[in-house]
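Worksheet for the structure shown next.
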Amino acid sequence: MSRIKVGVLGAAGTVGQRFVQLLADHPWFEVTALAGSERTQGQTYADAVQWHLGEDPPAYARQMTLQACELGIDCEIVFSALPGEIAGPMETSFAAAGYKVFTNAGAHRMDIDVPLMVPYLNPDHLAAIPAQQMRHKWSGFILSNPNCASIPLAMALAPLCERFGVSRVFVSTMQAISGAGYPGVPSYDILGDVVPYIGGEEQKLETEPLKILGTWNGVSFEQAAIQISAQCHRVPVREGHLLAISAKLGTRVTADEILATWREWRPAAVEMGLPSAPAQPLVYRTEPDRPRPGKDALASDGMGAVLGRLRPCPLLGWKFSALGHNTVLGAAGCSLLNAELYVASEQA
Amino acid sequence: MSRIKVGVLGAAGTVGQRFVQLLADHPWFEVTALAGSERTQGQTYADAVQWHLGEDPPAYARQMTLQACELGIDCEIVFSALPGEIAGPMETSFAAAGYKVFTNAGAHRMDIDVPLMVPYLNPDHLAAIPAQQMRHKWSGFILSNPNCASIPLAMALAPLCERFGVSRVFVSTMQAISGAGYPGVPSYDILGDVVPYIGGEEQKLETEPLKILGTWNGVSFEQAAIQISAQCHRVPVREGHLLAISAKLGTRVTADEILATWREWRPAAVEMGLPSAPAQPLVYRTEPDRPRPGKDALASDGMGAVLGRLRPCPLLGWKFSALGHNTVLGAAGCSLLNAELYVASEQA
Amino acid sequence: MSRIKVGVLGAAGTVGQRFVQLLADHPWFEVTALAGSERTQGQTYADAVQWHLGEDPPAYARQMTLQACELGIDCEIVFSALPGEIAGPMETSFAAAGYKVFTNAGAHRMDIDVPLMVPYLNPDHLAAIPAQQMRHKWSGFILSNPNCASIPLAMALAPLCERFGVSRVFVSTMQAISGAGYPGVPSYDILGDVVPYIGGEEQKLETEPLKILGTWNGVSFEQAAIQISAQCHRVPVREGHLLAISAKLGTRVTADEILATWREWRPAAVEMGLPSAPAQPLVYRTEPDRPRPGKDALASDGMGAVLGRLRPCPLLGWKFSALGHNTVLGAAGCSLLNAELYVASEQA
Amino acid sequence: MSRIKVGVLGAAGTVGQRFVQLLADHPWFEVTALAGSERTQGQTYADAVQWHLGEDPPAYARQMTLQACELGIDCEIVFSALPGEIAGPMETSFAAAGYKVFTNAGAHRMDIDVPLMVPYLNPDHLAAIPAQQMRHKWSGFILSNPNCASIPLAMALAPLCERFGVSRVFVSTMQAISGAGYPGVPSYDILGDVVPYIGGEEQKLETEPLKILGTWNGVSFEQAAIQISAQCHRVPVREGHLLAISAKLGTRVTADEILATWREWRPAAVEMGLPSAPAQPLVYRTEPDRPRPGKDALASDGMGAVLGRLRPCPLLGWKFSALGHNTVLGAAGCSLLNAELYVASEQA
């Protein structure tokens, strides 16, 4: 089949760069449009971008010219890496104009009929798209992915929710600087230091998983009945958000049952053979000092979550650690996988 | 009055160095003995020590000769910075021989009649010393200070316990590398990384505060009725342990009541004018991104705790952050303050 | 005597903060004016400043109101911590209006009649001030301090120049992030990395020492006859610039002669008892792995330079390392010391 | 052809791990023996190793049993990752017994008839092997690779030597912690700090390149006539040694001629199509702030050197920066490439 035309909005930013990187040599998608800010428009991508992901941008993108983020760009699917303040209305206009918008921005995440998806967890939320289109009279649509720290939390909880139920969760995060984009966190604020604050992050962690793990009832999303308390910290780590989690399950279980649940978990997105899905999106490490960002952020090419340290919690029953790559699955990678899931579902 | 003779066991180690530093120009204590391992005995302190606390050891100590850690050293009070494996029996023999042992080691912390003291919090635990001496037929005694992360946790909770009661606590720590001594954590394990594991630390955090905040009933220590769940992490920070805490109080309170409780707290150790006690051992910062190790570890010269970020917790009622200097009040500084409290109490 | 009124221009910036800090409790100077950008004017200093130097601004400054950086502020001496782009003309107008301007900015450093001073090294350059005033018809004047990396280089070389002559110098720097101000270096660019580039820095290092070590001939400064080659790097260190230096001396000397020269060096600024001058501004460490920023940046309270590792160089004769605190003596501290020197000279 | 049997001595150490990793799926070599210290012998590799290179050891090695480092291990080629103190005599005994020893250890580097090779630079030094075998009456041989910092220095200089001649070189290094192995540098010594000392390193940098760039005269190696002065530093970087270099060339040249020389350089090892040789082992970056470890260490999969910042040097003519991956080409990778070159040469 011929590949589907895709465009990237905000292509020169840090999340945009990850889209550009992950879309290199993609079997289903062909990048036909890169769009950027006024500063970058008209320049080649190689000239416009301050590339942060290793040596150089991929060959296919280097000579592409950055366009304006305006309706009319030549593509069917739009990946949005737009900054928060302009993402909302711009994504709306693209969806209205018929583009399929897969966005990493936060603007529409909690909208009543916008799926907040991690393909491994809630592929059935695709069902909200027709309702969204009908309500807004859009020919296109908007589909969001969650905050970078919500994803590993939701991935750790999802198999447990399904099998045992989960009612209460504590989570304390230690998040990488790349989560703040570029220039992002000043080095003076984080070198040899830890900052116990990331604006708006705790609220996202306490609400997004409820939508992800909730259900689409045909009209709106019903939130999962979980109470989450989150505390978020920035740490001097480049890539990989680490989470310390305590959870109360719905039934009495053993550690072996939990471990088996995680290990046997095979989400449909993996069974479907989506190009960007790893063989095993959830990995449990048995070493006492894992997961840790330096060793595990790139597990499953950054498209999964890594768990470890399951042990009893005196308050809620079980404690464990979870890790996710914040700029791969935690950002552009999740949008890409959402798009792959959508395409595969359409063709099924 | 003439100053009291004190000695330091394990004087060349990292905790020992802090004792040597804090004892410089002490108004009540005169260092008359520095004792070290076989490797260091017979050398001058300046030659034996690989000094980690800035430029140079204090002048008074440079030409002192390191002695063996054996009974007979010329002093009344012994500060123990011995490593865990040998601290237990050696401290026992010093106590039996009549020395007053103030120890930072963990060996005797949970002994039935050894006070585990932070002078700000439980000065009345001194009352256990006569019982300890009688039971063991010792002319000296052992008095311990808590683990470096237990101290800021206990300090944050103590005023709340006293006024409102506290029943349940979650704590997730981000601890500095200096807590592991020297050579301690290999740089390859922590540079740009976070390690979700510190051996034995969680168990200490879940139990030590219960003894500190408990009561001496004349025979043994009754633990405070608090359930604590701890998750401990090592972060690439040099000094200062940061704690994310959630707590359930015994009564419904407002944020203003909690803040007032912390702010109005004036422990007896401060009122007594102990030389190493700061004017205000508990500081609450109102900025949204404080406390953080880089800015706050040296608050109150490292002899206090810094709190911040009080906000509602969906699960337990209140969340906040706490920070303590792990090698000042968190180690040698607490032992020194314990000794000052003891001396002041004896003279009262 | 009553204290001299001083003001700080750019008081809320990072260099300005250091001025505010160092001027606390100054025996000769009283801060009567703090001036800042449009954003900060009219606010109290405590409200306007994002304080970077530990916990809190000094008490004297907290309730002072930030004024506009305009002529008319009530003071005799002006310390300028203005950003480069506006420092030049503004300092000129203050000097013209009669203020004595001691500046850390780079704008006038290489002006023909502006002294570029490190008081330890070239106090006789004060003699240029009358010529400067006459030429411009100013009642005030401008006196500059050098770039933060030039200072430890010049300090290491000065005693050697004086006694042996120095003809050629290689220097490779490893400079702290605080040298770039705030927000300065993005953490993404420096965490776990080294950047082999600091804009304009190498040119400063290759020229400023020649003026500092040169002579005032009554009309202009004659440069010292030294050839310097510099390579500059940013490293993930908070405070303290480290320099690897090779130097060709004018005569054959032994290591002992060099060490003696450094050790015996007693600059006039120290003999004069200036309040901010340490007893020993040049320290030589004999350990093989010193100086290093973590241990030595605060030597002499940051008002000196630390040397070490003197050894033969196959090309130029001698190699050694030098370290200076880049935001104390390397910035505000040098301006302050310049002002103290000026005042002491006037009164002599 | 069937693959050649190879073994790794010191397979569980940090350099050994890199051998094990790079030999996975090698087209010419089959790992038939892994040998380790007494502590590890008899264990499976997966059990014995504390793996530092990301998640997990390669599949082929996991279940292999670690043997003793003794004669008789089943292989033709031996890669030595032995620690310095035991490498010398053990490598000798393996060479005497007929093994072809490719070593990363320093013991034999400067031996009169042991090639010190970087295949890109001095493949003709293979000619020393028959002389070595004859002199010692060995059926095997020893072939060394240089120190990790010598390699990028020699690679930058080699094309210049060949075309213009090079007579004098200054080099200041900023070296990654992984160069010190594991546990290696204590975090307390390097976190937020720079150490101006690496034992023995400067002497290696001042001598090894002379042998590498020298010539084999049939009896011994004649050193290249270059004077090198080196200053070495440890920096808080995980992988990648950065070098600041100044060089005096034999003739007057322009920057363009130097750049062309580097860009056009195509060493024989690349033309021969060795499996581990990248297409372009020498890369010149035109950005002002490159090379830097974080972005460039993995250029050419770590099997090359990256140059940048060519500019005039007031003393020697030209300054530039060079970067090499210290544990790939800087250690195991160079030994592997040496073995590939040897095998290809034998078969030619």
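Observations on the model:
The chains carry the letters A, B, C and D, assigned in the order they are written, with residues numbered from 1 in each.
Please note the rule applied: a residue touches a chain if its C-beta (ideal position, glycine included) is under 8 Å from a C-beta of that chain, and two chains touch if they have at least 3 such contacts.
Because the structure is predicted, anything quoted here is derived from the model rather than measured.
Taking B-D and A-B together, the chain pair joined by more C-beta contacts is A-B. In this assembly, B is the chain whose CA centroid lies farthest from the centroid of chain D. Chain B and chain C have CA centres that are 40 Å apart. A separation of 48 Å divides the Cα centre of chain B from that of chain D.
Computed from the mean C-alpha positions, the centre of chain A lies at a distance of 42 Å from the centre of chain B. Shared contact sites, meaning residues of chain B that touch two or more other chains, fall at 191-192, 236, 238, 295. Chain A makes touch with chain C in their complex at residues 52, 177-178, 182-192, 236, 238. The part of chain D that touches chain C in the complex is made up of residues 168, 170, 172, 174, 192-197, 199, 206, 227-229, 231, 233, 235-238, 242, 244, 246, 288-295, 308-309, 313-316, 319, 321. Here chain B touches chain C in the complex through residues 54-55, 191-192, 295-296, 298-299, going by the rule given at the top.
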